Structure formats: structure tokens, C-alpha cells
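Each of the next two complexes has chain A plus one more chain, namely chain B in the first and chain C in the second.
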Partner chain A sequence: MDTDNDQEGETQGVKICGPPLEVNTAADTLATSLSLLGNHMFPDVVARKAAREDERAQDVPEEPPQDTEGSLSLQATEPESQEHQDDVADGTQSDSGEFVVTVLAKAKLEEQGLGVKGHSSPLLEVGIQESPPAAHGGSHRDEDVTAESWRRHRKHIFVLSEAGKPIYSRYGSEEALSSTMGVMMALVSFVQSGDNNIRSVYSEEHTVVFLQKGPLVLVCVSSSRQSEQQLRSELLYVYYQIISMLTQASISRIFEHKKNYDLRRLLAGSEKILDGLLDLMDSDPSFLLTAVHCLPLASSLRDSLSQILQKAITPNLVFSILIAKNQLLTVVQERAVIEDARLEPADIHLLLNLIGASSAFQAGEIWTPICLPLFNPDCYFYTYISYLDPPECTVCLLLLSTDKEAFYAVAECKRRIEEAMAAQGSLGLIAKAQTYSVSQVGVADLRHFMYKPFDVPDNHRQLTQFTSPEMEAPYHTEEEKMRLLDLYRYMHGRIHSNSRPLKLIYHVAERETLLAWVTSKFELYTCFSPLVTKACAITVITKLLRWIKKEEERLFIRYPPKYSTTPNPAKSSRGAKAEQTDSSDNGFLSLL
Partner chain B sequence: MLMISPRMSSGMQEKQFTACLLNFFVYNPTFGPREGEEEKKILFYHPSDVEKNEKIRNVGLCEAIVQFTRTFCPTKPAKSLHTQKNRQFFFEPEENFWMVMVVRNPMIEKPNKDGKPPTIEYQEEEILDTVYGAVVKQCYSMYKLFNGTFSRAMDAGGVELLTQKLEKFFYRYLQTLHLQSCDLLDVFGGISFFPLDKMTYLKIQSFVNRVEENLSLIKYTAFLYNDQLIWSGLEQDDMRILYKYLTTSLFPRHSEPELAGRDSPLRPEVAGNLLHYGRFLTGPPNLKDPEAKFRFPKIFVSAEDGHEELHLIVYKAMSAAACFMVNASVDMTREFCEQLDGLVGPQLTLLASDICEQFTVNRRISGPEKEPQFKFIYFNHMNLAEKSTIHMRKTASVCLTSVHPDLMKILGDINCDFARVDEDEEIIVKAMTDYWVVGKKSDQRELYVILNQKNANLIEVNEEVKRLCATQFNNIFFLD
Partner chain C sequence: MPESSKMRKPDVKVVLLGDTNVGKTSLLHRYTERKFKDTISTVGGAFFLKQWGPYNVSIWDTAGREQFHGLGSMYCRGAAAVILTYDVTNWQSLAELEERFLSLTDTANHDCIYAVVGNKADLTDTKAYLSQETPDANQTESEEHRSDVLSACPTPPASPVSISGVTFPKQVTREDALAFYGRILRYKGSDERTSLPAEKMCFETSAKTGYNVDALFEALFDLVLPSMLRKRNENQQSATVDLEVCRKGGGKRGRSTCC
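Let's look at the complex of A and B:
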């Protein structure tokens, strides 16, 4: 019995904070699901011994972020993997004794009866012990779905399979909601049977938005008054987050083979990641703007960090990303890869959420497959994740490689980065870096803004970024923050309406005056005090644009550095930094 | 030699189709609760030739949608369903009675090469929910004006009578719905008032009093000039729907005879033996006709104890129209009509020419008609007063507007935005076509302005709207 549980646990990755899935039926269903998935490995995930004292470990143990089915097959190397795992385990234990490594293909081995001996991963043991529902005290999953409080949630999200099987619900357990989700699926297929597609339902208080993506149906029930377009894009983020853990190809394959497959088997434990994503989307305008927020940093410091990343490379390394306080510090990209496709802000958002949603990553070094859905929804990158400043864990390094065997090489890169940063005292400097106050702009009447410059021809393919100051009084309470964000969302929805886009919106209300403005060079949302005159607002914007121009080196990653890790020395010269032409100022005065 | 490829000649152009009515039905889910009895739920279905199972399916979907949304708010169920091809609007005017209107999205038909069937692209975001939601409500109000409530018919003759009444009313009424020209004015459902000086207004009031005194059967009176209301004794909501009926249906059908005399009003003495221009728009077309029937349409208006049924007598002289309402329990006779004609005809003719004179004076004062820099719509929720310089004269078939439909939709969007918060607001937007559109909400009033100056800047736009408010609205809009 124990072994069965172990097997299931390991194969599916994590079952820790998911609902108590038919644990006992493990053997049977597992066999089926495995046979479905065929010749693909299940990377066993993460695991760690440390951080048990972490509070979250008490009620919701950190689960590994994902539970994945590799898209690369691995027959030839399986036995080596086994050894590999042991090596790693031994080696690391002797080093620090507090981290674990994800071992790819372990599940595959188990499937063949090769794997699983005495030492299963500590995390999974924790998980199994804590998996009974009692462990989820206080979680939204326990909510009574017939209660008024459940109905009053601002935004419900449901994910279900085409067979109507629940996969995820933001509030309340999937079991309790299975009939509701059944109705949703029935509505979708009913409309479909009339050679039509359901899009949304409006009532006085709610907007219900449906999104069908492959074999998955995503439904949002929102009282937030966001536009349908915005709600649909949030559903798309949810879908992509699932893809980032499983890949699109494997999801289609699973459902092709078995229509009523219970995807929670593969996603168990990842509810927290989706929960985190939804909370983040409600509070972080990055998702709305599809742009990345960088931490303001002196350009010399940012350059030196970039250079450190640029030097610490190994073959097949594709992206080196450094983040602090959940904001981007710098990202260095493999030249050849970036010529094919560009790193989309959405992929970065999903990565950041994945890391932020689980304290498991704070435990040491993680090596795990992650799919960047906008980059390529069907394949994994092997991602090395490590915090550089334990125990605070604010500065995190991500190294993405295409080589699943590159753990050691990549870990070595991290060591070099760490050394170089120590030599330059970078961590101390990063710790001092902060978001800024709108008062630094130095104009009265301006309360807050969001500024998103568009790609300029010289550096197209650059990551879309935006800058925005802290929300300060009167937007310092959660409620007021949300109200301002809602106002921005409303302006954004109107100005980017699919059918009737606008160039400018000037909105005067009792509590504030807002302006949204889209030009070919930038997109700007500003919030003024309510009594500002139009003439004054225009002056403020003029000053604001000048200030941003002056500060742009600090606010944005101006010239994303590149490296070449493919053996092609001809291309390895430093990133050509085309001289930027100043353009943010051009002609805007006449437009307003 | 000129060769025309068959493809070219067969028209490779895209074809545009506007929004149109697909279905309209009324059902009551409690009428056929058991399986196999679903058809009994359906009280009216347009078009009637739809196959039975299809009707049942469509009604079933509406029921399911409504039920589904009750999971999240039991008291406020779905109002609309958006699909790729159409939109459905749900309205429950009386308990368990649902009216549903299905509108097909506008679409573009793109021809394909090689004989493949054309690709159809639905424009899913062109229809405004507020506009068509209001149209469905209007349908019910209009039914109720002429038939009373659904439950009244149920009480009087059960499902059979109700289905008859629905059939009879909606068969004709739905043909007059011109969905492609519905806009913000349908949301307001306002009344255009005729601006008058005090003297003329008092004249009209004393006319109404005199008539009501002499003909004591008359319970309510309303007075209109052209398509504008001057005086009404009815409740606001009743007047609003009666006004809609008069201006979009009854008057346009009877407008021709007046056209000749409108601008040169002839006094009765000038007109020789003709005493007046008065005539009945409802009831007998010619009193002298010995065969004349004295039947008037019946309407239902609100009363303290529910509803009261009235005869609707509409009497018109030149551009002035008076509506007299008499309790339906009284039979209308030739004597009464002759008495009314004799009393009202000459006076109304006189009043009509008085008003007309003032109308021309007003026009002269306001100076020669110059293409204004702006067009606007104004609506006051308190008295339902509405004013539009965007819409041309209404006709029976269409309500012509003088601006691009997209701009009208932007007005609709701004109207939705105002509904989000219950406070005074101002919204200025610049459309992709560079037109500026300004919306102002102050207290219960809303003003929407479309400016013609494309190169104006925000400050100039603001100045222009300020001027408009000062001249037209006595500065009732305060914000900035």
C-alpha cells in the first residue's frame, strides 16, 4: 500500500495540497494514465528537507510547482538517470544537506518497475502525510458552495475538461462544484451543437466568460465589471499557466486517448499556483498591460549584473533571468534563440508567478522542466531556480536550458554568478533598489501613472516593459488600490476595445481625474487629483513625459544583452547597441 | 478585347449584413414542467414556422442560462447571452413570463475562390446590450399599453387568450422593429418637449381645461406639436410609451395631409366655408360618413388599483395633436365625437397656428441655420426630457442619424460607463477617426456632444462644450 501511494505520488508529482484524490485507486488508474502518456517521462519533482518550519508547511505544504510530462523521450538514458539521481543526491547532501534535485525520468523508471526503492523524496512523504482534507484548513477549497459568501466572491474561475470533469475551481472544491461545472460544459456543447460558440453571459451583477482552448474549457464568473476581453485574457493566462506545467502537446495527447481523464491527477498540488496567479492578476497591472515591470536600478548596476550573467554561460543555456522582489532586474538571452522568437512578457509573468507561488523554491537549487507557452507551448525548458540571498529570498536567479542533463553545468554557472556578484557587492546594491514614489516626478496633482513605451524600430523584439510608481495615499488601502486598478482596467478596456478603440480618454469623476492615452510611441494612464483643470493636466503630462525620458535608463532595461552559447564564435560579440533616438517627446504636445 | 473573369463579374466584393431579428419568443417555464410537455411553455414564437423541436431547444437554452446564473445570484439572473453568431436578450416582465429576443450579429460575407462557399465573419462586438435590452422592454411596454399585463389575459381567458393576444400584437409589432437603427435614444426612451413661451403654454393649458370641463367623459389629455410634447396629464411611464407609439407609429402614418399647410397656416375665416382643420387620427376618419364606426383603440395605463382601460382618441389639426382618453367602460357615440369635433376642431386649429407662429419666430431669433460645430443628445431622467440634434425626423421605418454609427456606439459606451457609478462625471474621448466625443453626467441629466473639429485639442474641446452648455443648457453642467 505504501509503495502504491509512493508510486502514485511520485509519478504524478505532487498530491499534497490537492483534494484527496482517490488515493487508493492509485494502482489501477495510474496504470491507465501512464499507458496513455506512453513513452514520456514524468519528472519527479523537486523536494526538499528544509523549510519545514515554514508556516506554510503546516497547513499547505510547499508543493513542487509542477508535475510534468516531458516532451522529450529519454529511453536511452534512463539507466543513467537513475545513477545520476543518486550521484546528485549524495553530492548535494554532502554539500549542504538541504536541497533536493528534480530527477527527470524517475517515474518512467518506476513505471517499468525499475525505480522506487527505500528512499522516496522527503517532500512526497510530507505530502502524503498531510494530504487529508484536514490539512487544508482555512483554504478556499473548503468553502460551502451554497453559501452567500461563496456567491459574493469577486471573481470565480473554473477549469474543466470537455467531458465536463472538474479540473480547478478558485473557490470551493471541485467535487462540490462538479454539477455546476457539468452545467457549464452542457451550455458550451449545447451552443456548439447549433454550429455556434458561446462567448459570455451577462447579468446585472456578473459577467460570465467562456473560453475553450483545446480540450479544456475555462469559465470566469466575475462581478468586477472588467471587459469581456480582459476577462478572457485572464482565462488565457490561467490556461497558459497550466500549459507551463504540462505543455499543450501532452494535454491534447492525454485527452485524445481518454476523453474523461481526470487532469487533476497531473495538476494535483498546483492549485496554489493557479490561486496565486489569480490573486496576482487582480492586483498587478503587468497582466493587464502585457508588459514587464522592472525594478528601477542605476544603469551601471544593471549593466554590471547583465555582464555577470553574460559571462556565466554554458552550452544550451537560453535565458538567464535575475529577479528581485518579484520584479525583473535583467534578462540575458541567447542570440540565436531570440532571433527566432521573442520572450513574451506573459511567459515572464507565468515564470514569476510560479516562483512566487511556492516557497519550495526557497529551499536550495531546483531543476525542473517549465514550458514557456507563448514561446513554444509544446516543449519544456529545463529551468534552474535558486535564490541568491537566503534566508531572505528576495533575489532569484533563473537559468533556462534546453538540455535536461545540464543541471551540473548550469549549477556551475550559478556558482560563478554568485561569486561575481559577491565580488562586486551586488546583493547589497540590489537590496537598496526600490520602487519609486510619484513625488519624485515633482509635479503636483499627479497621483499615479502607468507608462508603457512601445518598441522602437531599433530594438524591436525587446521585452515590452512598463513603469509605474508605488500606489500611495489615497490609494494605500487594499480597497482603494483595487478601486484605482479597476479604473485603469476600465480605461484600458475602452481604449483597447476590439470594435471601437479610442486614442484618448479623459475622465473626470468626483474622487479623481484620469487620462488614458495611446499613441504610436507609448501608452499612458495617469491619475490626477479631482480638481485638476484640463490645461493643468496637460502640463503635468508634459512634465511627466520629460521626467520619464530623463529616467529611462533607470526605469527600463534599455538594451537587453545577449550571449551565444551555441558553439558559433562568429556570433559571440557583444550585443550591438544601436544608438537610440529620442522619440518619446515628439509631437505629443500637438496631440493632446 | 476586354476579358472579364467570371470571378470578377460574380462579385468578389464583401457583403455586409446588419444586425437583424432572428427570433422573438415568450415562454413561461411553469406551463410545461414535465418532460414531453415542453411545447406548452411556449406562448409565442417568431418566426412561427420554426420547427417544434428547434423552438423547444431554444427555449430550453434560455431556461438553462437563466438557471445557471441563479447559482451566482438568485435574484438577478441573466439578461443577455453572447454567442459567436448572435445575442439573446432575456426579460422577465412578470413573474415566470420570459420574453427573449435573439438578434443576429452583423456579419461580413467574404467570397472565396474556386467555388467554395463564402466565409462569414461575425462582428461580435457591434451590438450594445443596453440598447437591445431596452428594445425588449419597450416591446413589453407596448404590448401592455394595448393589452394590459400577461396575467390580465390569463385571468380573463387563460393560456388560450394570452397566446391569441400575443400572436395578434407581436405579429404586426415585430415588423416595425428596425433593429439596425436602434441606438442610445432607445435606452433613454425619452420625450422631446416643445419649448414654448409662457403665454402660449397658458393658452394650451386653458384649452385642455376647457375641453375636460365641457366633455366630462375625458379623463386624461395630452397635447403635442409636431413630434414634441407640450402637455400631458398621464403618468410619466405611460406617457413615455404612448409618446413612442404616437411619434413612431401613428403620426408617421398620417403625416401627409398636413404637409401642405404647415408653414402657411390658414385661418378658418380665410379658408372660406371650412371651419377648421381638425380630424380624428383614431376612430372615424370622416364624421359625415353615415357608416362611420366610433371605435377607438383601447389602451391600458397605470392607476392606483393596478391598471385602467381607456379609449384613445387622437385628434389633430395641422401640426397640433390632442389625445383624449376616456374610460373604456363608456361606449363611444356619434354624438360625443361630433361634440368633440365641434369644440376642439376650431380651437385646436387656432392654437396650432399660434404655436407655429412662435415656432417661426424662435427660428428667426436663433439666426440663420449654420452648420453647428457640434451635435448633441441630452436626456433628463427626472422628466424624461430628451433632445437630439443628431437624429433627423423620425419616420415610421427608420430613425435617421446624421453621424457615423460607430460614433453613436461610442455614445452608448459612455452611457454604460456613467451607469457604473452614481456620481457626477465627465468623459471626453478621441475616436480613431479623430472625432471628439464628450459625455457629461450631472445629477439626473446626461449630455453627449460630438464635435466636428478634428484637429482641436483637449482644451479647445472643453471650451466648445462649455459654450454649448452656457447657451443651450443654462450651465446646468458644473464639472470643470
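Let's look at the complex of A and C:
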């Protein structure tokens, strides 16, 4: 049995940033709201302890920070040790945050007659709570939100406006959930009124994380045992995906004009894109690592593809991206643009998800405004999307321009790319490209790994990438894949813990042994068979690093190629390149 | 093959406009792929080339947010036909056409023709509903193939003559659509007597069963034929009007003659 404990997950309490809340009469209202929320979300909530963040940190004993960079001395977390004992708050302390939650807890206990449940190991339940996410299709919209099955979803995501208007819910329709969302909003605005921002609420089984971005409030209710930080970063991805469709500037303007605007009018039809994003984040570690996964390819082939893209240009083209099997083949960037900013992995993830979610109708050529929120949250790029290998539709070309009128010019670039690729037989070669098997590394005991090198020193504008083999037996079923990913998420959460970041973790689980290691040069997660010894793991990692070094050319895009499409590079500053959304002003007000 | 793809210059442009979810993509999918699929969501605009006899018809399918991001006028520029689509079960979707989408057509050709299309007729009209192969209306997840009976039939009349068996109350009546068509003509400043009659330009369709879908597209293509011929003539007369030139022109073009 895996008895390693997750400190974050077992900590009960409300974390509130900033100074303690004033105790005031509004607290009663909040308590009512909270218990309402409890009714909706988790009838078994037992919040037992509240503390301000700084106090909480003291309560959480963790291994002392280790600086093992460059060396391979390992320290195991003792599987048997109970790392963390909860203090059970009795509600006598004066902190109002605590008071409120105690009220909530009491309310729940009286209402439901529930006792305090025993603690369970965080990783025990992982992977067995829910069958793998359903394929795209959005059938979750019709769910009965009062049903037990609705409550049991591993991760709920809600988006609402500051005025409390529902915008998106992962499961069930927003309408059916409007009262729940209203309660969440009451919670958020209550805490805001005291100049605090509510950040998260912990209960026995759930972590509730709040994120406010401009006029939008995003809430995650998770039983996945991911760290608060990870959940918050997922919420941020959801926010960015919304931005990618509307831009931040537009959203701010809309809500400045009309506080209770129903944003669903603008996002109508985009639920599937958000659904797809959430499913993808659950199953694709790219998001966790904030790095892109490129398809392994002989460097000569990758270079020839890059050259084809480099030659097919038109004014105002800024990025040419080639994708196969949802992985990157190559990216060519306008020289002047990358002097200002580099293409962030998160922007690529959002772009890939957008394509994936709308790929059902693949015969056409798409021309659409897309915002790359990390590049510039207020501007659109006009993006040409086309598949090069219909009807299979695995090889996809993306051409981003700053000129909204450039469709026909950009479509002509695609024809030229298509021609050149046909002449070189590129499609056939791409079709043969494969993700690789861990067995190619040639060491026993190594089952899987994820390796993310940091920027190579002489090319600091390089795209952050990672490499990882196929998940093979025993991680070939959806459940087992998810279980391994959950283990990685757990390791990642501890490596990147705010309070006690770690450099190295050796984690002996029931069915495997994991080692996570972060240095100034790379971040590495490895999974071994359970019987591996520390010494053996060290040898394997040494061999693995050597293998990666040898295969580097094939596994990564080494030097992202560039082109110059704009005659006058002076106008290439970030703001000037991507078109401001002002042009959309015509008719904008009539939307309100 | 690349050579031929280069040759496929569109002769005429048709644009599908209307609120999200009214079924624009489904209509086009039904027409071009003969299928109904439920997992489609459109980002921005999607460009399709459809062979119509010797002609290449370009069709833009849009997402329904056009007015907001300002690309709508680009999609509509130089259009010869605009299909204004609403959902017969959703009155608001007809209202939106008037409030948000009609103004986007300002960049269309001056002689552009307009079709008003009420989709999802299978939900309100027994005739449209019965067009489908299986009587199980809940099978939206799986692909349903177009009824053999229908495809074997000669092209159905351009407009459904009357609504015989209304299964449940319609939110948008045919009269609403006809009246809206009249207002389009007034908005365009067209003379109702010389324009195409409303009777002929208002359709009720079902992308789900295939009802009236071919009739819609084929009637429109027939009607834009003169426009195509003119365009071909123009192209022959002045070799400058083609995609190559648009590409080289780059940058800011005004209302160009290209597509």
C-alpha cells in the first residue's frame, strides 16, 4: 500500500490571503451561503480547521529542503511515517475565517448528522473515483446536477462573472447551477469586502480553489488531490482559453459597459473547446510541465520541413506551425517578432486545443481570429488552419498573420507548402514518425519518464519542450495512465511546493517507485518498477541522461528557424504587430 | 494535384450567417458530406470550395461571433449569396439575424441574393421529421445517413408548400421569416417588385434529416449563376483579377474584386 502522505491534501482549512477578516454580521450571511454551497457541492463536508496561510505553513512539516543539485544523493520519504497530524479546531479562536468555517462545519454536522471521517491516504483513491473522461461531445451538459453522480466528478470547473452570472460549468448546465454559482459569488464578494481574496477552501474530500481574473471568477472543486498551485494553474489555462477567443481587452470593456452582461452570448458554442481543454489537461502532462511535446523526427527531415515553411511567406505572416498527431513538428517565427517575445508553450497548448476541439469538420480551410494570451492578451492574430492530409487529418498547418484580410494570400502559402511537401514526399515520411518506446533507452527497470530541459544557454529564446516515451504496459489502460499521471502530478506538486520546494524526491509507492529531480539544467520525472534500488535508479538515470543527450537532435526542435516577412521591422513591436481589437468596436455596443 | 488545387479559383462566394447553434455547420456538412454529426464546433470562419458543374463555389461557414471580432465583413466581402440562418424553435435566433448579422452583409455584392433559412424543421414539422431514415429522433450522437427515399427523389420544391402536420408549437412561423425577408429588401433599398420573391427565398430545412437541404443550396447556386458567368468574363478580360494579384498586393486592400 502506498502510505506516503500528501500534506497539502490533508490539510483542512480555509486559506485566506492578507490580514484576518473582521468579524462582522455579514459572517452570518456567509455562513448560510457556505452551508448552501455545501448542500450543492459536498454534503459530507467537514471543515475542521481554519488558519491564515502563514500559520498553516508552520503546521505542515515537510522534509527539510535539500540542495542536491548536481549530485545524486537520495533521500527517501519514509513510507510509514505519518507526516502530518491535524489539529482539530474547536471554534474558540478569534480568527473570523476560522469562525466562519467552524459555523459551516457545525451546520453541516447538525444537518446531516455526519461525524468526522478518518483520514485516508491521498493517493489511495486516485484513479478509481471516476472512469476516464468522456470523449468530446459535451453530453455532460444534460447532467442532473442534484444527482450523486454529479457530485462525484473528480474535478468541477465553474466560470462566473463578478456579478455572479454563470458563464461555464464543466458538468451540468450553467442554468441549473446558477444558484450554486450565486453562492460561490457570495463567498467571493464577502471575502473581497474585507479586502481579502479568497483563494482556497479545503474539506475532507475536496479542494476548492478560487481565481479572480478581471471581471471573471473561476472556481475549481477537485477531489483529485492535486496541489492548490496546480489547480490554480489549470484555472488560469481555462481563463486564457477564454481570452484566446475574446481577448482580455474585450472582456474588460464588455463588463465595464454592463456589469451583468451574459458572456455566454459570446462564448456560445465554445463550451466544447473548454470541455476539451479540461479533458486534455487531465490526460496530457504538457500542461503540467508548461512545455511542448514535439514529435521525434530525424533532424534532416525536420530541417527540410522548416525550410519549406520558411520559403512560403507573405507579408505580415508571423508564425508558421506544423503539427502531426497533435504534436509539434516545427515552428517558424518572424525574426522581428521573437525579438520582442517568444512563443510560450501555454499559447501553443491553447492553440492545439482550439484546433482539436473544432476538428470534426476538417475539409475546410479555417480563418479565425485567435489571441495568444501570453504573447499579448489584448490582440488577435488571424490564423489560417488547414489539414494537409485529408481525409486522415493528422497533419495540420497553422499560419498566423497580423492582417485580417490576408486569408487568400495565406491560403496561397499553404498551396506552396503543399506542393513542396508533395515534391519531397514529406507526408509519407511524417506518417512514419513515431513516438518512441522507453525500451529504446535500453535499461531495465525504467518504465516511463518525462524530461524537460531548460533553455540551452546560447539560445535562450528557445521554445520550452519536454520529451517522454509512449505510456506502455502496465500504463496502457486509461485508468493506469491516469494513475501514473496522478503520481507525476503529486511529485510535481511537491517539487514546486510554495512553502517547501524540493530538488529531489525518491518516492516508493505500492506498484512503482518514482524519482523526481530538478536541476538548473532540467526537470526530470522517472518511473521505475517497484523493486528498483536507489543505487540502481541512479545508474539508470545516468544512462537515461546520456541517451537523451545522444538523441537530442531527434527529440527536440533544436534551433527554431526564423523568417522575415515584414519589410519594415520597425513596426514589429508587440503592440503594433498584432492588431488591436479596436476594429471590432463597430457593433460592439449593440451586443450589450 | 497541387497544380489543380492552384487552379481552383472560386468563381462565386456564398456565406452562411446566423447565431451559434442554429445549425449552419450541420447544414453545410449535410450538403457536402451527406451526413449529420453532432460534434462540430466552428472557430472563426471555415472556407470550403464546392464544385458546381464547371464552377467553383466558395462557401464560408461562420461561427456566430462575427460582429464581435470584426471579421464578419471580411467573410462577407464580395459575396454573391448570403444564407441567413435561424433555428425554427428559437425566436431569438431570428431576431439576432436582424440585430447583429444583417449589417455584416454591407460588404457583400450589390446584387447579392439573400436566403432566409429556418433550420431544425424536424423539430416542428412532421414532414421534415419524416425525411429521416430511422424514426428514433434521439440518435443524434451517431451519424445518420440521408434517407434513400429523399435522395432518390427529384429535387424537392424550393420552398415547402404548406406545413401539414405541426407536431408542437413553432417558435418562428413562416410568416415571421417572410416578413423578415421583406425587411432585408428594405434595408438593402431593393425594390420588392424586381427582387426575388420572399416565397422563393425563405426555406425551412433540417440538417438532421436532410429535408430541403439540397434544394436550398441548389436553388441558390442556380440563382448565382449569372454572377459566376459575369465573374468569369471579368477574369478573362482583365488577367489582373486573380488570387496571385491579391497575394502580391498584400497589406491593406480596399474592397477588392477578388472573391
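As a convention for this text, the second predicted complex is superposed on the first by the 427 of 592 C-alpha atoms of A that agree within 3 Å, B and C clash if a C-alpha of one lies under 4 Å from a C-alpha of the other, contacts with A are read in each partner's own complex, and residues count from 1 in each chain.
As a convention for this text, a contact is a pair of C-beta atoms (placed from the backbone, for glycine too) under 8 Å apart; a residue touches a chain by one contact, two chains touch by 3 or more.
From a predicted model like this one, the values you see are computed outputs, not experimental measurements.
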Problem - chain B versus chain C as contact partner of A:T383, first or second or both or neither - result: second
Exercise for the section: Give one of first, second, both or neither to describe whether A:A409 is in contact with chain B, with chain C, with both, or with none. Expected result: second
Problem - chain B versus chain C as contact partner of A:L354, first or second or both or neither - result: second
Practice task
Go through the superposed model and pick first if A:T330 touches only chain B, second if only chain C, both, or neither.
Solution key: neither
Practice task
Have a look at where A:S497 lands relative to chain B and chain C in the superposition and call it first, second, both or neither.
Solution key: first
Handout entry: Shared chain A contacts, counted only where both chain B and chain C touch the same residue
Key = 590-591
Exercise for the section: Under the touch definition given earlier, write down the residues of chain A that touch chain C in their complex. Expected result: 136-139, 245-246, 250, 266, 268-270, 272-273, 314-316, 354, 357-358, 360-361, 363-370, 380, 382-383, 385, 403-409, 411-412, 415, 418-419, 422, 581, 583-588, 590-591
Exercise for the section: Write out the stretch or stretches of chain B touching chain A in their complex. Expected result: 57, 61, 64-65, 67-69, 71-73, 76-86, 123-126, 129, 406, 409-410, 413, 417, 420-421, 423-432, 434, 457-459, 462, 479-480
Fill in the blank from the handout: Interface with chain A, chain C side, in the complex: residues 1-2, 5-6, 19-21, 25, 29, 32-33, 37-48, 61, 63-65, 67-71, 74-75, 99-100, 103, 141, 243-244, 246-247, 250-253, 258-259
Handout entry: chain B-facing residues of chain A, complex
Key = 151, 156, 180, 183-184, 186-187, 190-191, 194, 196-206, 208, 221, 225, 228, 490, 494, 497-510, 533-535, 537-538, 590-592
